[in-house]
Structure formats: C-alpha cells, structure tokens
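Naming follows writing order (A, B, C and D), and every chain is counted from residue 1.
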C-alpha cells in the first residue's frame, strides 16, 4: 500500500498557461517524500558520527498526463520503488478525483555530511529498517 | 553544434544543503530553451488562428552529476534531440569550467490555444522550418 | 478574531543559510489568503460580466523577526487590515510555538478581467459582504 | 549614480494572471544586489574569524506599479539607501523602456556565522569601505 498525502495547488504554483508549472511537481514530490518519512516516525535520527546525513538527488523525472489548476486538491501516492545499498528511488502518482495528473520518480543517494565533493555511504541500518517495511525491497 | 547560454546561480536557487535545489534545474532548462528559441529569430509568430499556441510539457527528466553552488556561472548547451510531428524534445548539458553538473531533457507538445482539455496539433510549418536547421531531424 | 492556518516548511523553501528564504514568506501569505477566502465559502463567484476578476498586488511587505527552519509547523494568522472601495489589505502574523517569526502585509486591487493596462473597479458587493463580517471595516 | 543591471522575465516567473508573480520581485532584488556587490570587486572576503558572514533579511517591501510580462527585459537600478552600523538597506527601481514597473527595498543585518539564534555584529570595515563610495552614507 502506498503512502497517501494531498496537496492544494497555490496561485503562485501556476504559470501564464493557467496550469501548474511543470517544475513545481518536483517540489510536490519532495514535500510528499518528507511527509512519507515523517509518517514512518521521527525516532530515527539520520546522522553519521553526529552530523545530519544528506540525500542529494541523482535523478528526477516526471511525465505529465493532465494539467493541474489553481485550488485543485491533488492526491499523491508515494511508493519506494527501489531501495539500494546507497540509494533510494521514490515513485509518485498524482491524481485529482481519480483523473491521473502526473507520474514521477526521484532517486537520492545517501552521503556523508559536509564532504565536498560529496561522498556516498551505505544507508544506515536504522533508516533501512524503517524503509523496508514501507515497501522498499533490498536490492 | 548545440546552442550555448550561461546562467549565474542565485542565492535563492540554493537550499539548506548549500547547493542548487534539484527542482531549479528544470527552470534553468526552460529559460535556456527560451533563449535558444529567441536566438532563432522572433519573426515567426507561434499562433494558430490568431491565438498563441501552447507547448505544455509532457515529460521532463534530469540526472545530477555534481552539485552547483551560489554564484557559479553554469554553461548550458541546448540541442533538439527529437522533432516529432506534434512534439519536440530538447536536451540540455550543464557544466562549470568543464566539470559536468547535470543532463536533462524536456518534451513539449504543440497544443491548440485555449482548449481544455488541451488538444494537440501538428507543429506549424513556420516553426518547424526554424527548428530543423537548428538540429531537429524530422521523425 | 483572525483566521488561523498552518504551514509546514519544505526543504525547497530553505536556502543555503539553512533558513526559509525571505521571498517565500510572500508565497506563504498568498496561500494563507486563499485559505482564508476559501473558509468564507465558495458560493460567491468573483466575476464581472461573466469573467473572473483579478486582484493584482499593488504592495507587499514583510518584517522578519526570527528564522524559520525545515519541517517547522508555522502558525499563520490572517486579518483584513483595511477594506477600501477598490482594494483590500491583509495582515499576516507568522509564529512557531508562540515565537514570532514574521509579520507581513499584502494589498490587492480589484481589477476588470482581461484589461491591459489593468483597470481597477469597485469591489463587488457580494465579495464585500463576505469580507466585512470577517473583520474588514469599510473605509 | 545607481548600479544598473537587467533581467529577462522567464516563463516560470509568471502566474495564471499572465504577469510576473509578485513574490518573484524579491528574488529579482536579491539577484540585483548580488550583481551589485560583485561589481564592487571580489577582493574583500566577507568573513568573521574565517567563517562566511551572513546577511539575513530583516525587512523587505515592494510597490507594484505596472505588470511585467514574459520575455520583458527589465531594467533594475540598485542604490544603497542606508548604511547603518550593523545593517544595510538597498533600494531597487524596476522599469521597462522607461515605464516604471516596481520599487522595492530590502534591509539586511550583518550576523556572526553559525550562531543560532543569529547574533548581529558590526559590518566589517573592509565591507563598509566598499559600500560607502557606492553611495552608502554612514549613519
């Protein structure tokens, strides 16, 4: 079962074509991912030797099926599509009253804090333990 | 030869990870596409029976290779990857001093103005005539 | 009594200083204004001879008292500060657990649809009737 | 003499009213401020005991005089309106072909790096020495 959340389209999300600007769906995805992680419980600190771990994105994509409009209440389903050793891919389905709006994916890589260039690390066991029951299958 | 433009990273483009927020690359792509079209000349009006034609996006994707930082001057190369009967796909390469930053694609469909739901139409011959010499191969 | 709503700070709302980027408070204000208007009921259509009326902003301001951070749940109070013949000024108070975050104002002018340059008109009686009980005092 | 820069309006800057969304003028101000500071020369490092100094905003305001549209080339004049002991206020004038578009102000306070809550400090002499010839009058 995917995690479900909703999002109300704001005036500032639209563009002169009268629809939600395509780049905003990536912000919607990120907020839905955060809501999903919050739903799993805040007891696990995403830290590595005391510093917060980063999850920079390495890939993002979206297919737009139907436009979304100001004040629409968008349904968003979030699934873990792939849980790798160092990365996680989330899949998102956007719809309004059953009409599909968009489908997107975002892949993030677990990185050591404060490294420049960023240095990927294995997803901590505590975080993996949260994600696996939520649908992430190890790979 | 791709079309080349540049973009200076603004403070507001960054996020708390200290790098350009991933969704902003889609705004960068759109602005680079506009600059590319402007470079082809403004003599062709994108109208259909007197109304401006729309080019809603049907797909967008990006791979992130290295982070971009505040005040970076990003090089952006724009190519037409595919020129279809009703759609056009642009490909973008982002780099800084030769270091690759990101690679993205956006596909837009030519649509009749003011239709809801949007109704796709063939790309007008005048617009196609502009795009083909710029590297778009009919398909 | 002001209208109350909340807003969860998203990752993409932050900047490299680790706090909500100052421009985003204007988006927060707009969304809070929309939520306030929605709370007044959707029975009144904001139309003028069948076309939707516009409310372009003529002034906006914000004072920043304390930074807001990722995942903060911000309390937002919305009041009508002034209800003019053709314009309305909203005032917003942002706080987190009682700590003041910011105070802002936005003034919008009622405009005829589709005019360029925009042409201001009196706020329709039906809309005024909604706003006055909500705290707008005619002036 | 104010510092002058320009800005091309992007598609994603517009909203469903067909004009630049009012919140985006604050991003335009910030980018113009950065361009202004860059024009003063990069030889002065804004550091305090080796760490980059922050300039969080404490106030921002804008009056909107005429709408701006997609692809407009906006002229932006930047002046230092007030140079205080710990703060600086910039004033911005936006116009298009001589038509005024907007007028805005942003006030920032000089803060010690990495303090939470932020702790204001005096503007370093080296930075003040840059700003004063640019029109900042001590106060």
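In this text, contacts are C-beta pairs under 8 Å (C-beta built on N, C-alpha and C of every residue); 3 or more make two chains touch, one makes a residue touch a chain.
The structure presented is a predicted model; accordingly, all values stated were derived computationally and were not measured.
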Shared interface numbering between subunit D and subunit B [over half = same, under half = different]: same
Result of counting contacting C-beta pairs for A-B and A-D, higher pair: A-B
Distance between the centres, which are taken as Cα means, of subunit B and subunit A, whole angstrom: 24
Rounded Å distance between subunit B and subunit D, as computed from the means of their C-alpha atoms: 29
CA centroid of subunit A to CA centroid of subunit D, Å: 33
Numbers and ranges of subunit C residues touching at least 2 other chains: 11-12, 17, 19, 23, 27, 30
Residue ranges of subunit B in contact with subunit D within the complex: 8, 10-12, 27, 30-31, 34, 38, 71
Touching residues on subunit B, where the partner in the complex is subunit A: 17, 19, 22-24, 26-27, 30, 54, 56-64, 66-67, 106, 117-118
Sites on subunit B touched by subunit C in the complex: 11-12, 14-19, 21, 23, 70
